[in-house]
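Listed next: structures, encoded as structure tokens.
One chain, chain A, appears in both complexes that follow, with chain B as partner in the first and chain C in the second.
Moving on, here comes the complex of A and B:
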């Protein structure tokens, strides 16, 4: 589902964000990406939805070589990928419902279908009762759950998360990871970048460990 | 008939600016040098253009008028980009300014000459050059403001724009709100000008015509024409520049390419 072949990303200042990175995450797997700050986790995640492109090497997502796609295919690809970032990019002046509905409105779905899907996604993250609240009125943990609902409302095939629990206390962090595990259980391919080793070790999930832009090791689940 | 001004008359007016310079110097404002240089530069530029226009009006040649128009256009497109805080790097930045102004200011001036003012011949430099100058000057300000807003906002709102791309929006959809704001920012001086005309300020061209002895209502009609042309040129110019500018910020893979902006000016 996600395949990196000798991928390097060199920035304009000459610094390598990633250097000769190769790995393969088959469909339906859940994998953690870990490493210190600056090890290349975010750089790697940005390559998967083609927000950035490698300087050399090949990134394949769902069988597509991201370099060889046509322009109109990129938005379609991104709709198949749910992304959860630490800074949630919610539209704070909009209601919870509108925030979660946004990815579906982009694709022009029927309003009744949008309502059903949004309510189901909010129910899944335990926020159905807050759908009319403005996002700014929510706590950090609730905002992150809205972000997760928004990432999943399009029923993506892949879920990417970049430090999704950075602002949350340990209990909420665990809850968020449990939700990711639930989505993995229904067949979504999940890749989560986090440096919270304590939390990661409580899940039997393989880990790709990055160090200074290179893969230091790949640890199998135990 | 206009009262001619002698060099002594201008020196008297210059004396006022010199007095201002002295007062500024006493107050330690360190502006005296800028004031002096700015005033001298203004005098030199206006004298130069005076001689150029004198020669141009005498020739009545289409080639010379077009050459003058092209030079004005090139200088304006340079100024548009040079004043940006985060300009679009490379020749593309200049070409966006040139294209937007060429397509609007130049064509609207040609339209006004051919169908509204209708001097004979249509390119009579006495009409063509001042008309183009006024339209170009205002369009340049509008396009400059619009592009400045666009590039600065794109840089500061990168995460929000990429967030929208990640939700599956196209580059056009992700930039739509920002593009509207940029077009609005470019039109604000024009809207202010329209609101203030005749009430808060007497427009320069109209005042000039009245000083030159034209009947006030004739001067007003010309001023209305100029303002309508400026509004159209600035509006269309802003739309075009923002459209091209936003396109330059993305590549064929619908990715935001902020490295296409030059580093911020201090």
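Moving on, here comes the complex of A and C:
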């Protein structure tokens, strides 16, 4: 599903965000991406939805070589990928409903279908009762759950999460990870970047450990 | 979440069309709402567009009014000199004078043959004899006196005669009417150049406002790109903003020109009165429409250029 072959990303200042990274995540697997701050986790995640391009190497997503993809094909790729960021990326002046509906609106779904799906997604993250609230009125944990609902409302094949529990307390963090595990259970390929080792250890999931832009080791589930 | 309740292909196509229409409606509504929501920046841009478009528009109106003025005066005088092509044989000249008789607006006409013309010229120059051994270069001229009072019909008559292949040129009224027409043509040309030049200014004015708007919406656009919005989808609200600002700017430019013309009516009529006529100066509806369409087009183009450039630089789409 996600395949990196000798991928490097060198920034304009000469620093390597990633260096010769290779791994393969088969369809329907859940994998953790871990490492210290600045180890290249976010750089790696940005390459998967083609938000950034590798300097060298090949990134394949769902069988497509992203290097061969034309920019006008990116939206179609991104609609198959749900992304959850630490800093939410919510439209704070919009309601919870509108934020979650956004991926369906840009895809051009019927309003009635959008309503059904958004309500189902909000119900899943336990925020159906807050659908009319403006996002700015929500707590950090609630905002993150809206973020998750938005990432999943389009029924993506891949879910990427970059430090999704960075702003949350341990209990909420655990709840968020449980939700990711639920999505994995129904066939979604999940890749979560986190440096919260304590939390990661509670899940029997393979881990890719990054260190200074390189893969230090790949740990199988235990 | 992955349970399948996916709509079939035809339903999806219908819903996609509906969503596309609904997005256009939404963009139009929010562009109009922006006029109320952010009045200061938006209306400042609209007035800047209006002022920039008003100058060439005003010159165009003035040129057109001067042309009409020439037409009115020429009609009042009712005289028209038709110069046939040099060397037109007498038979063809005769046929042409017969052809002229079909126009009811023509009161009478008088032919001045090249020989008569040469004689008149000699008299005017106080020359007793002119050497006519060489070919007479003067063309046959027909002096037409039209029935007065209808400038439009007079201009139409002039156009119809001008299209006759035997006609070389037509001179109407006095020399000063010709000058008026030349000045009018000059203003017409000048206003076209100014419109092109100021059109560029409109691109920059609208572009600058939209650039600020884009900067303010950078995060939102990044998010849209992330969730799979196409470039067209992201640009659409911006295109509507540019087009709406340009359209309003164009219409207000029409209003400004009308105000200027109203202020100029009295002094112009004072001059016209000297020639025994009065004029009603007003912005032609077509000019207001042209200015509106020009503003709309320029606003849209500006949004397209700025938006495409911004998305290419800031968002990977």
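Note that the second predicted complex is superposed on the first by the 222 of 222 C-alpha atoms of A that agree within 3 Å, B and C clash if a C-alpha of one lies under 4 Å from a C-alpha of the other, contacts with A are read in each partner's own complex, and residues count from 1 in each chain.
Rule of thumb we're sticking to: contacts are C-beta pairs under 8 Å (C-beta built on N, C-alpha and C of every residue); 3 or more make two chains touch, one makes a residue touch a chain.
The shown structure was predicted, so the numbers you read here are calculated from the model rather than taken from an experiment.
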Quick check on the chain A-based superposition: chain B and chain C, clash or fit?
clash
Using the superposition on chain A described above, determine whether A:69 touches chain B (first), chain C (second), both, or neither.
first
A:108 in the overlay: touching chain B, chain C, both, or neither? Say first, second, both or neither.
second
Quick check on the superposed pair: does A:130 touch chain B, chain C, both, or neither? Answer first, second, both or neither.
neither
Can A:184 be said to touch chain B (first), chain C (second), both, or neither?
neither
Can A:145 be said to touch chain B (first), chain C (second), both, or neither?
neither
Touched partner set for A:207, first chain B, second chain C, both or neither:
neither
Regarding the shared-chain residue A:41, is it in contact with chain B (first), chain C (second), both, or neither?
neither
Between chain B (first) and chain C (second), which does A:78 come into contact with in this model arrangement: first, second, both, or neither?
both
Who contacts more of chain A, chain B or chain C?
C
State whether A:50 touches chain B only (first), chain C only (second), both chains, or neither.
both
Among 7-15, 79-87 or 205-213, indicate the stretch of chain C whose C-alpha atoms run into chain B.
205-213
Intersection of the chain A residues that touch chain B with those that touch chain C
49-53, 71, 74-76, 78-79, 83, 89, 102-103, 106-107, 150, 154
Which residues, counting only chain B, touch chain A once they are in their complex?
159-160, 162-163, 165-170, 173, 252-256, 259
Chain C to chain A touching residues, read off their complex:
1-3, 5, 7, 11, 14-16, 18-20, 22-23, 219-220, 222-231, 233, 316-317
So in the complex, which bits of chain A are touching chain B?
12, 49-53, 66, 69, 71, 74-76, 78-79, 81, 83, 85, 87, 89, 102-103, 106-107, 150, 154
Give the list of chain A residues in touch with chain C in this complex.
49-53, 71-72, 74-79, 83, 89, 91, 102-103, 105-111, 113, 116, 120-121, 124, 150, 152, 154-155, 183, 186-188
